[in-house]
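Look at the two complexes coming up: chain A is in both, with chain B in one and chain C in the other.
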Partner chain A sequence: MADKPTLTFAFMDPPYETGRTATFFRMLDISARRGYHIKVFAYEGAVALPFSLQKAHANSVHGRDAAEENHPLPKDWVASLMAEAEKNGGSLNWVNCGLCVDERGVNAAIDGVSRGSPSDFWKLAAASENSLVIPTR
Partner chain B sequence: MKALQIVESAYRGTIEEQDDTIIWLSHAMKGAGADLTVALRGNAVNYAVKGQSAAGLAFGEWQQTQAPDIEHDLTSLMGKGVKIYVMEADLASRGISRDKVVDGVDLLSFDDFVDLIEESDRIWHW
Partner chain C sequence: MSKYLLIESRDPYESGDGDFIPSLAAQLTAKGKEVTILLVQNGVLPARTNAERGKLSQALEAGVTVLADSFSLRERGIGDSDIAPTIRPVQLDVVIDAMADGIKTIWH
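This part shows the complex of A and B:
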């Protein structure tokens, strides 16, 4: 476990509104495939990423029903990356900023997501080989 | 571990959050023992201007009673031992003179900025 690096990410963007979200998840994906130990501190709108009540929908403009559309849900990305990291000997520890969750009412999160505070971000970053913050612009 | 918080995106949710979220984050982490320095650059240099007020926000009958007070948030953060710098060139390009800057906030040249980065273990650019 100690031979693979630990990386901490802080991320602020909510689902869907910016291209940064997919880019952030691509970095997590590479890290998970390499079996890294990944720590995520989700801040502000990013706490909605693992919100468990997200629902896929049909899209009449595309002419597809819900099953065909297979609309991307960030909560599924988080779950998939947790599994991918574990499969490769790594881990994905996702911490949601608790106050950010409360003010948005997105308390329901998928399994494996924990509630924390900025002090957790500091501790995670201090225990990591490196860290990256990706803020909303 | 020493971390440099570079704040560039300004007034991002400050009305809704009643503060700048990264200055708030710095307060919270400092409370947890973090060793932080803050550098304001880009449009965020305006945070260092004295006497700003965002009071008076109202939508219909709803009124915001606790407006953001960035000056106080900076002053109290410095009171906790966090050094705050503001990029001198970014102030100048916005026509903000030194006498308008909150007391205790120091001006930072690009050369000093590089030194600050070299001294820090983590660089967090918000």
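This part shows the complex of A and C:
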């Protein structure tokens, strides 16, 4: 069987702010289900996506506890995508821009997330079949 | 022949540069490139039957293929019967297919 392709994505948007985040995760999901090798370079606000201290919360206005509110956490989506890619013979390698992390104080990241610099994006892209940059507006 | 997938995520009625992708697509097509535009998120709004499509109409006339993300259409309540016949609803898989095939893929 031929090797599965390696695709690199650069993403800049923080959690919960734009529709781009949902579209970005949808593309990762498709790639993970195919068992592709996925490389993500998270830049600027996107470094908060795998921030491990995200917490689900209750919604007192609607009278729901945390379990009922079932608040989605991007860190869980990232972890699920890593597991899905691995299950299908692929991988998800997530690199956070280190300076962007420091600026925002989101140093705590889930397992599997590494720290790098924009030069890592160039290295990831150079080692991939293709790359997609999703810039913020 | 070089192939391009241009992804338009912006609402052309809100964005000041809604002509960028259709214009780029038409120019590339004129140079003999094979170009597809994929509308996603609010970028799907001009896919509606009676929408003013501006430069996107010119791109279609120039031979550019225009697709629209089905999920984005459904999110906005745009049904299959509401879509212009020149624009085809597709799954987002087309992006991953294109990337895996080495097609130049650009997000706007």
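Following the convention adopted for this analysis, the second predicted complex is superposed on the first by the 132 of 137 C-alpha atoms of A that agree within 3 Å, B and C clash if a C-alpha of one lies under 4 Å from a C-alpha of the other, contacts with A are read in each partner's own complex, and residues count from 1 in each chain.
One rule holds in what follows: a residue touches a chain if its C-beta (ideal position, glycine included) is under 8 Å from a C-beta of that chain, and two chains touch if they have at least 3 such contacts.
This structure is a prediction, so every number in the text was calculated from the model and none was measured.
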item	value
Chain A as common anchor, with chain B and chain C clashing or fitting	fit
First (chain B), second (chain C), both or neither touched by A:R20	second
Which superposed partner A:L7 touches (first chain B, second chain C, both, neither)	second
Inter-centroid angle chain B-chain A-chain C after superposition on A [Cα, multiple of 10°]	60
Contacts of A:N88 with chain B and chain C, given as first, second, both or neither	neither
Touched partner set for A:K123, first chain B, second chain C, both or neither	first
First, second, both or neither for A:E44, with chain B first and chain C second	first
Which superposed partner A:S52 touches (first chain B, second chain C, both, neither)	neither
First (chain B), second (chain C), both or neither touched by A:P135	both
Gap in Å between nearest CA atoms once chain C and chain B share a frame through chain A	6
On chain A, the residue positions that both chain B and chain C contact, one per complex	131, 133, 135, 137
Chain A-touching residues of chain C, taken from the complex the two chains share	9-10, 40-42, 69, 71-72, 92-93, 95-96, 98-100, 102-103, 105, 107
Sites on chain A touched by chain B in the complex	10, 12, 43-44, 117-119, 121-123, 125-126, 131, 133, 135-137
Touching residues (chain side chain B, partner chain A) in the complex	1, 3, 9, 12-13, 17, 21-22, 25, 28-29, 31-34, 122, 124-126
Residues of chain A touching chain C in the complex	5, 7, 19-20, 23, 26-27, 30-31, 34, 36, 129-135, 137
